[in-house]
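There are two complexes below, and they share subunit A, which is joined by subunit B in the first and by subunit C in the second.
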Partner chain A sequence: MTQAKARTLSLSKRGMSFETFMWLFTRLTALGMYAFILVGVIGALVMGARNQMTFIEVLRWALVTNPGHVAYTNVADIAPWESVFWRLVASGMFLTASSHGMHGVIVILDDYLGGISQRKWIRILNLAAYFIIAPIGLYVIWTA
Partner chain B sequence: MEITIKIFRYNPEKDTRGHYETYVVEGDENDRVLDVLEHVKGKTDGSLAFRRSCAHGVCGSDAMRINGRNHLACKTLVRDVGSNITVEPVLGLKVKKDLIVDMDPFFDNYKKMLPYLINDSPLPEDGKERLQSPEQRARFDESTKCILCAACTTSCPSYWANDQYYGPAAIVAAHRFIFDSRDEGASERLHILSETDGTARCHTAYNCTEACPRDIKITKAIGEVKMAMVTGKLD
Partner chain C sequence: MGLNRNVSLKTALRYKGQGPFLTYILHRIGGMGMAIFITTHILATFLEGRGWKIGHIVNFVYVSPFFQAFFIFCVLFHAINGMRITILDLFPGLILHHRRAIMIEWILFIVLYGFAVVSIITTAIARLA
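On to the complex of A and B.
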């Protein structure tokens, strides 16, 4: 009987196409977004959200940890909520979510576009939109 | 019992577009939809065109849309779909006549998967078979069951949107060889499937799995191919 040995293709043999890389990227960024939300929820509870915010307000904060999301709650001291750490978390969430979403748009459009040049242009337009939106989003996060 | 069957009709020599015709036939709830179609063709309207061959769910000729879902007409009983039946050709492939579609694009995609054993290594010392264990054989058992009926591919929304997508059936064909311990062509097949029209077009709608008359877990098989692309593991 043949000796059963593990069959594994090395990266050089199987390659890593753009599609495969982005398939992996989409899954990892989805997990990354869950992680950012978890950090936001835990951080809010540590900073006293349990007695000062409603569940909906906590979720809104956790999705993007922007101090503007706390301004109209019962939180007395907003200073801890607008620290550099939370702005970094918000920036991470924003960049992760927007790149995840941008690739989602490309995937859906690729379903309907068959031509190579059409697909290329859609990628260029999406990337251009991303590089316009990303700085605006970061500006809002860091100046709010 | 009385069975009312509404059938999509299209004759390229007469019609500019398809239409439906309704027939009422006497039958039994244990009749198959194929029996009802045969009844219509044999006794009412001989011009009705549909594919059939073995009539026992093995050849995969008579895939069609029955009451909106892809089935093999020879494996679908009247009692399971009711006495008011609508029969249409599968979606995503050009209709040639009535329930007959052009299968060429489907088989072209199948051929792109190199659906044959690739092994350029020298034969074993005894010059006989390339043996494999029952476990190694079981690894791709599911995908050997495919009968190429196209029920899966033509139920896939991604394929409806873009027929350049290789489709579930082609990926199942690739799966059958990628995970075969005797095969050495996995690298080539994974390269083909990692193109934009490969597994990236699968959004796990599960229509293919529901449509498969052989109960192949197609979406799972596609997922395994995607994982093989990322990890390189073929066991």
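On to the complex of A and C.
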């Protein structure tokens, strides 16, 4: 049985509407998060996680490289884990994940809520929540 | 995002799309789970730092093995399924193999999630000792 060739359309032919831009934004932020997680895992291994942390503790650290995430582990010296570099990585991961997540929540709620005014309110409330939570998150990362 | 779509929650829940739909719906559950968790975890940590007991209580629940098992399910499934979606979207020629890609995704997820759950249990037991 022969398979049909997948039909593709280049981005120039498709045009860059707001929908296309957000579609691309979601994919690129996902790739960005994989990069942050990889940096977190490699950094943890370099700083001695192999002998001082379990798999789940390394995962928790890699998701957001906040020094508070190694508080309950067997890491003896926490100083390398709370450097400016790791707080910058944590901030980058947090802002990338939160903007990706905010858009994702809007897409999901859009699908299940019927009215146009409901959808507009969902967007307004999500954006408001994002601009409240983002500074609090950064404060937590930099003061932990 | 258009504002003209009109699919009710009832219609959406009745849709039967088999394997690909299962990954679609689990992706959404995982995403919503993480969004709720991260928001409340940030607020709880902020309040805990200010000396509010409620923050400590919420974070105490979050470090429990049962909650970690649920949260890691959300994270790993969303991350692995998201990687499949990104790869197929950025390389549309591969869409013809999407069912095989879903199969690979499940194998990867089961191995990693199984390893993570074992690690959650052994870490919890070690902390009790």
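Note that the second predicted complex is superposed on the first by the 123 of 144 C-alpha atoms of A that agree within 3 Å, B and C clash if a C-alpha of one lies under 4 Å from a C-alpha of the other, contacts with A are read in each partner's own complex, and residues count from 1 in each chain.
Assume a residue touches a chain if its C-beta (ideal position, glycine included) is under 8 Å from a C-beta of that chain, and two chains touch if they have at least 3 such contacts.
These figures come from a predicted structure and were not determined experimentally.
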### Message
Tell me which partner touches more residues of subunit A in the superposed arrangement, subunit B or subunit C.
### Response
C
### Query
First (subunit B), second (subunit C), both or neither: which does A:Gly15 touch?
first
### Query
Touching A:Leu125 in the superposition: subunit B (first), subunit C (second), both, neither?
neither
### Task
Classify the contacts of A:Leu88 with the two partner chains as first (subunit B alone), second (subunit C alone), both, or neither.
neither
### Query
Touch check for A:Ile42: first (subunit B), second (subunit C), both, or neither?
neither
#### Entry: Partner chain in contact with A:Ile78 - subunit B first, subunit C second, else both or neither
neither
### Task
Give one of first, second, both or neither to describe whether A:Tyr112 is in contact with subunit B, with subunit C, with both, or with none.
both
### Task
Take the contacts of subunit A with subunit B and those with subunit C, and give the residues found in both.
4, 6-8, 19, 22-23, 107, 110-112, 114, 119
### Summary
Touching subunit A in the complex, subunit B uses residues 130-133, 135-136, 158, 161-162, 164-165, 181, 186-187, 190-191, 194-196, 198-201, 203, 226, 228-235
### Query
Once bound in the complex, which stretches of subunit C touch subunit A?
1-9, 12, 28, 31-32, 34-35, 38-39, 42-43, 45-46, 49, 63, 68, 72, 75, 79, 82-83, 85-86, 89-90, 92-96, 115-116, 119-120, 122-123, 126-127
### Task
Please name which positions on subunit A make contact with subunit B in the complex.
1-2, 4, 6-11, 13-15, 17, 19-20, 22-24, 107, 110-114, 119
### Touching residues (chain side subunit A, partner subunit C) in the complex
3-8, 18-19, 22-23, 27, 30-31, 33-34, 37, 54-57, 59, 63, 68, 72, 97-98, 101-102, 104-108, 110-112, 114, 116, 119-120, 129, 133, 136-137, 139-140, 143-144
